[in-house]
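The structure under discussion is supplied below as structure tokens; questions concerning it will follow.
Each chain carries a letter (A, B, C and D) given by its place in the written order, and its residues are counted from 1.
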Amino acid sequence: MKINSRSELVELRKSLSNKITLRESGATTDDTIEILIGMATCGIASGAKDTYNELITVIEDLNLTNVKVISVGCLGYCYMEPTVQVCIPGEEPLLYGKITKDKAFELIEKVIVERVYLSDNLLIRSFDKAGASNE
Amino acid sequence: MNSKYTLLVCDGASCKTTHKANLAAGFKKVIAEKKLGEFVSVVKTGCFGICGQGPIVKVLPDDLLYVSVKQTDIEEIVEEHIKNGNVVKRLLYTDPFTQEPVEKQKGKKIYQKQFRIALRNCGLINPEDITEYIAVRGYEALASVLADKTPIEVVELMKKSKLRGRGGGGFPTGLKWEFTAKQPGNEKYVICNADEGDPGAFMDRSVLEGDPHSVLEAMAIAGYAIGASQGYIYVRAEYPLAIHRLNIAMEQAREYGFLGKNIFSSGFDFDIDIRLGAGAFVCGEETALIHSMEGQRGEPTKKPPFPSVSGFRKKPTSVNNVETFANIPAIVLNGADWFASIGTENSKGTKVFALAGKINNIGLVEVPMGTTLREIIYDIGGGMVNNKEFKAVQSGGPSGGVIPKEHLDTPIDYESLKQIGSMMGSGGLIVLDEDDDIVQLAKFYLDFTQDESCGKCTPCRIGTKRMYEILDRLTKLEGSPDDLDILEDLAVNIKNSALCGLGQSAPNPVLSTMEYFKDEYEAYAYRKVKHTYSIITDKCIGCTKCARVCPVECISGSVKVPHVIDESLCIACGACYTACPVNAIEKP
Amino acid sequence: MVNIKINGIRIQVPDHTTVLEAAKKVGVHIPTLCHLKLDDFGIVNKVSSCRVCVVEEIGKPSLIPSCSALVYEGMNIRTDSVKALNARRNNLELLLSNHPFDCLTCAKNLQCELQSLANELHITEIHAKGEKMFYPIDKSSNAIVKDPNKCVMCRRCETMCNEVQTVGVLSAINRGFGVVVAPAFNIDLADSSCTYCGQCVAVCPTAALIARSDIQKVWRALANERRHVVVQVAPAVRVAIGEMFGMAPGTISTGKVVTALRRLGFDAVFDTNFGADLTIIEEANELVHRIQHGGVLPMLTSCCPAWVKFFEHQFPDMLDIPSTCKSPQIMLGAIIKSYYLKNLDILPRRLKVVSIMPCVAKKAEGARPELSKDELNNVDYVLSTRELGYMIKEAGIDFANLEESEFDNLLGESTGAAAIFGTTGGVIEAATRTAYEMITGESLGNVDFKQLRGLEGIREATVKIGSLDLKIGIAHGLGNARKLLESIKAGTSHFHAIEIMACPGGCIGGGGQPYHHGNQEILKKRQDAIYAIDKSLPRRKSHENEMVLKLYDEYLGAPYGEKAHDLLHTCYTPGERI
Amino acid sequence: MEKVNLDLKDLDLEKLAELDQYILTLDDPVERLINVLHRAQDIFGYLPPNLQLYIARKLNISAAKVNGVVSFYSYFTEEKTGKYVVSVCMGTACYVKGAEKVLKRVLKELCVEKNEVTKDGLFSVKDVRCVGACSLAPILTIGETVFGHMTEEKVPGVLNKFRGEINED
């Protein structure tokens, strides 16, 4: 689909805004839960691929139709790889570190299903960033 | 009362367990009682990271923090702030530096030392899905320059932002574009230098893997500004994932018409191709990079002529690195003034650093220029592993130098780092602790440099080899005090007379370590370095652990009796040092 | 014009002047090593890699290479700052620290640019000693010895081999301290498609690339009383050898060379120019034969052995177009080993033919198997002009003050046509003089075909011979030869005859000549001398050489005939390109 | 000197066809020599002299130029490698955390020098510059697999995993 003008682009972006507000603040009109997993070289070297596959398996096993796993780049927390960000509509997105394959089930079960935190893996987001959602 | 508030109530693990507070429920209850439900919503959030002051409540859109909030404070917050619009000053977060209560969170250094521009999308969007990039205003910067600005205006914007090259030298990007734009001729090129060869640096890789579209978009903007319709990304072959994602991104960008002919119906054509590196550090130097792209040995040529005059295929070429490009869409969208408001006087914006070495939080950080090393290492980096003593931080890779303790509070920018004998380089920061041998480290770097020297010019080809040999002699205790003079002379000469920037900076690891750790060099030169381990009798508890791990069985002693190392047999492997539970072993 | 300041002296110089050139104008000398400038041939080696010519530009942190840095308005240079002087010394010391110290027995002793620099900068101690590069010495070829351990990475040879000659044998291999200039995979030169043109040797500042020395073998042959040792001297030698004895470039010393050779003990001294006249008669006949019998055209000259090797390796599918004539040295060798030999009462093995050549490739040519008869080479030993100079010096002969004498008359007569073989355009001019009279049957009044002379890399001319417009092409330097060959291959050029010489300038600029160290003035003087010899001779057409005519009469029979074919013609073998 | 094999007949025809096919897709294969070499190394596993010569002929450039380029870049290897290439990262982060010891142990375990192939053809060892996963320092990679936080002691176990694979074949 070719975008021919700035206004077309802005229209398209507006239709996609839920994606970002969910990840930034939890605000969304959708009810899809997103799990972002860091899949850059450092993440993969720490086992992110295995975690990714395991997350998908667990989600399928539990038949969680509103949970999407999305591979993203590196957040910079290399010492805590693999890192996972859980974005639940209406809640501040939370970041977890060292979510290896064997932690995947626990993450889904506790965070998504039971809605409690995995306190040992909780990672403090330590940065602010140049805005994207403001115009 | 016409705005809708959101209360973000800390529900982090720490707050939950230490205070056993159920603040969120409390707020909901009070709000319901006061019938304010339609004006305010309560959202439980994760930890804000200042757990010592928890529980915390963040009020949006006022964007201010109340700390140490107790059940008994709920009533007051709702009544005063929500209903009457007055800030509850006694609960406000206090800035630890100024001791002032902070009313606004954003833009102030509260706990977030990092500010991400180049990495703004890394880890937040799916790099293989262009719609996610579009959702964060992707390609709007390109759309806006094509719609509203002439190429000259884009160059002016870049000049005004004062963005400087993030690859090493720190040359102003706007000026580089201006030189290239002013050259006659229609055939010009934009090159993205993604040959991140500095060992210990991986920020460019992260950007390419996490946010490839921002680079593509910026290259198109550069193409428009300088009058080029073709760009190339010169990327290390050692980065297969980055190459894979770039290829996907380029394909999607073409599909959406962000690359190719007549972009945004503006008549501007621009496309990008990938050229692979093949393992040569020197190809980070722009003339060497261009030769490599032309299928030649990656040997630098003298400048001038600069690539902006005669570059790829002898045509005017602008070479910028990945991180530089990654900043550009944000600059276009937020304005040059916004960017120029961040950082120090001569170094604007932020810089990404790759933190590694003996530090707890190894990873990538992006901080405003002017942040001190102490903040990076202790506040962001989480301090030293095992609480060892900080010795120095090596910055700028093989072209940079070490920065010792006394300069930890230097605000980092291009000039200040140069002044203390290091350089920004690509932004690798390797943290060293008391166990690290500085002369060995210098030797490591010289080994790297002489191995990676292209071999073209005399000072680099032979000079770095001789420097390495001297360091090797010294560390084997075969050197002499004269060697120190020869080493320094060589270093100065190479710096003065090598052909390319890499050669000229190759001696930096030695020059800076000699400046700050002269005594360690002298210890080797005068052969005062003790190269065996020994046991501090007073501290030894006779646990026998050291004797058991010693590979040459040179430790003797019986249980509960202080042990002794036979120094004539010790091979200084350090096994005993690691094994000792009571720090009774002294290092050489 | 721009205004600059050098060591405080203000000077105005044209744009695009280098700092080095500008400094020269104010009488400031800056040492150089890798720098090489041969403007007339379009060669500037500007790698700026040795860093021996660095100077300080006030206000700049790094030193700049004066050989390639261009001046600009307001530039302020110090060539004499301590910073620059130290860097030069230090870099030279570094080069020396990686150099074998066998100067006393080195082939380049007192001819070595590195050695001169060490003397100039008065280096008496190497401070940073260390490991030296080690690569085996390549003595595989009959022409060139390559000792990478003496290489200073000036890359002049690489420039010559690739950009000027387009032979493409040499390249920098590996990197860093281990870098070496070598053929691909560091194979031996003999296994490569090296043409032995010797241009690398001509520009190498040290002894990393030198011509193989045959002096000892020649001394031994001369010392053995049972050997009959004869010598021949090529046309370009006599205008250059004087330079080795302090004589001005372009001094004609034909007679002195003959005297010197006799004093060295050669039993007979012959003139390769005789062979050249013979070549012309054969070549002109071949050309006329090809034109009149619809043979392959154009015909290419084949006097230059580097050129022969070049087309064998680079154009193996075009081996039918070069003339089948042997080169003058080999023709003369063949005649000596047959015609001359039959009047001597000795075993063929005991007759040794030595050639004095301006060339490195001639050494390899002498050893080509197809150029031998009954397992005896047409030529046994080939000495370069330089080598003859060394022998004369060793024998204590005061060359500059020698009396002059004549070649042995049996194979010593020659014409002006032969003399001009030594320069680009000469062979084809000589051939034209003969072909003209052969085709038209008329006597040629003005023999100076000036349209064929000059120093441009590729020249074209049309000579009217009766009703025929003879189209002639000339190229010197193998890069130019390649261009011409490719245009023929592509069918865009149509010539009757083409002359090619591998070295820039022709044989006067040969790889075996006294080192000109990049000074093209010397080459021009040599060329002038060649034409002066031509002009001074009573006979200027090869077919007027009475000795040559007598040779055909008595021995060879008809030109381009059966016996001539057997003795004076050869064949070519396709080679690999590597 | 050891004779260099320059016999083009020793090259696998099928693999050459694949390389030719790739070269055909390039508009300027001479400028893209490095890409051609990458592809050739992907197909053949390494770049032996006769393959370099083949590429030179194919692109109509000198073999010296091709070899000059191949020998300049450390990513290209002219020697056959083992079935598994053990790459020990020698980036600074790994270095300060003891990568040298790991490398030494690997070489000792396999009884080889750097860039040498073990007798069974299974392994060859090389040191590489920064893999870019500094948080796992010191790192060692075998094929695509990354082993982080390496110690000398872990080396035999890691290698055995790959030895085992062979036995199972």
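Quick note on the criterion: a contact is a pair of C-beta atoms (placed from the backbone, for glycine too) under 8 Å apart; a residue touches a chain by one contact, two chains touch by 3 or more.
Everything numeric here is computed off the predicted structure, so don't read it as measured data.
J.: Most central chain by CA mean?
T.: Central chain is D.
J.: Taking the mean of the CA coordinates per chain, how far is chain A from chain C in Å?
T.: Taking the mean C-alpha position of each chain, the two centres sit 73 Å apart.
J.: Just the number, please: Cα centre separation of chain B and chain C in whole Å.
T.: Here chain B and chain C have centroids separated by 58 Å.
J.: Just give me the whole-number Å value for how far the CA centre of chain C lies from that of chain D.
T.: Here chain C and chain D have centroids separated by 44 Å.
J.: Taking each chain's centre as its mean C-alpha position, how far apart are chain A and chain B in Å?
T.: Chain centres of chain A and chain B, defined by C-alpha means, are spaced 23 Å apart.
J.: Name the residues of chain D that each touch 2 or more other chains.
T.: 68, 72, 131-135
J.: For chain B, which residues are shared contacts with two or more other chains?
T.: 202, 205, 239, 280, 297, 362-363, 452, 454
J.: Could you pull out the residues of chain A that touch at least 2 other chains?
T.: 41-42, 44, 78-79
J.: Let me make sure I understand the interfaces: which chain pairs count as touching?
T.: Applying the touch rule to all chain pairs gives A-B, A-D, B-C, B-D, C-D.
J.: Once bound in the complex, which stretches of chain A touch chain D?
T.: 41-42, 44-46, 78-79, 81
J.: For chain D, which residues count as touching chain C in their complex?
T.: 1, 4, 6, 49, 52-53, 56-57, 61-68, 71-72
J.: For chain C, which residues are in contact with chain B within the complex?
T.: 47-52, 54, 61-65, 68-70, 83, 86-87, 90-91, 94-95, 97-98, 127-131, 152-153, 172, 174-179
J.: Looking at the complex, which residues from chain D come into contact with chain A?
T.: Checking each residue of chain D against chain A gives 131-136, 139, 146, 148.
J.: Considering only the defined contacts, which chain B positions touch chain A in the complex?
T.: Residues 8, 11-14, 16-17, 43-49, 106, 111-117, 119-129, 131-132, 134-140, 143-144, 146-147, 202, 205-207, 209-211, 239, 241-242, 255-258, 264-265, 330, 334, 360-366, 380.
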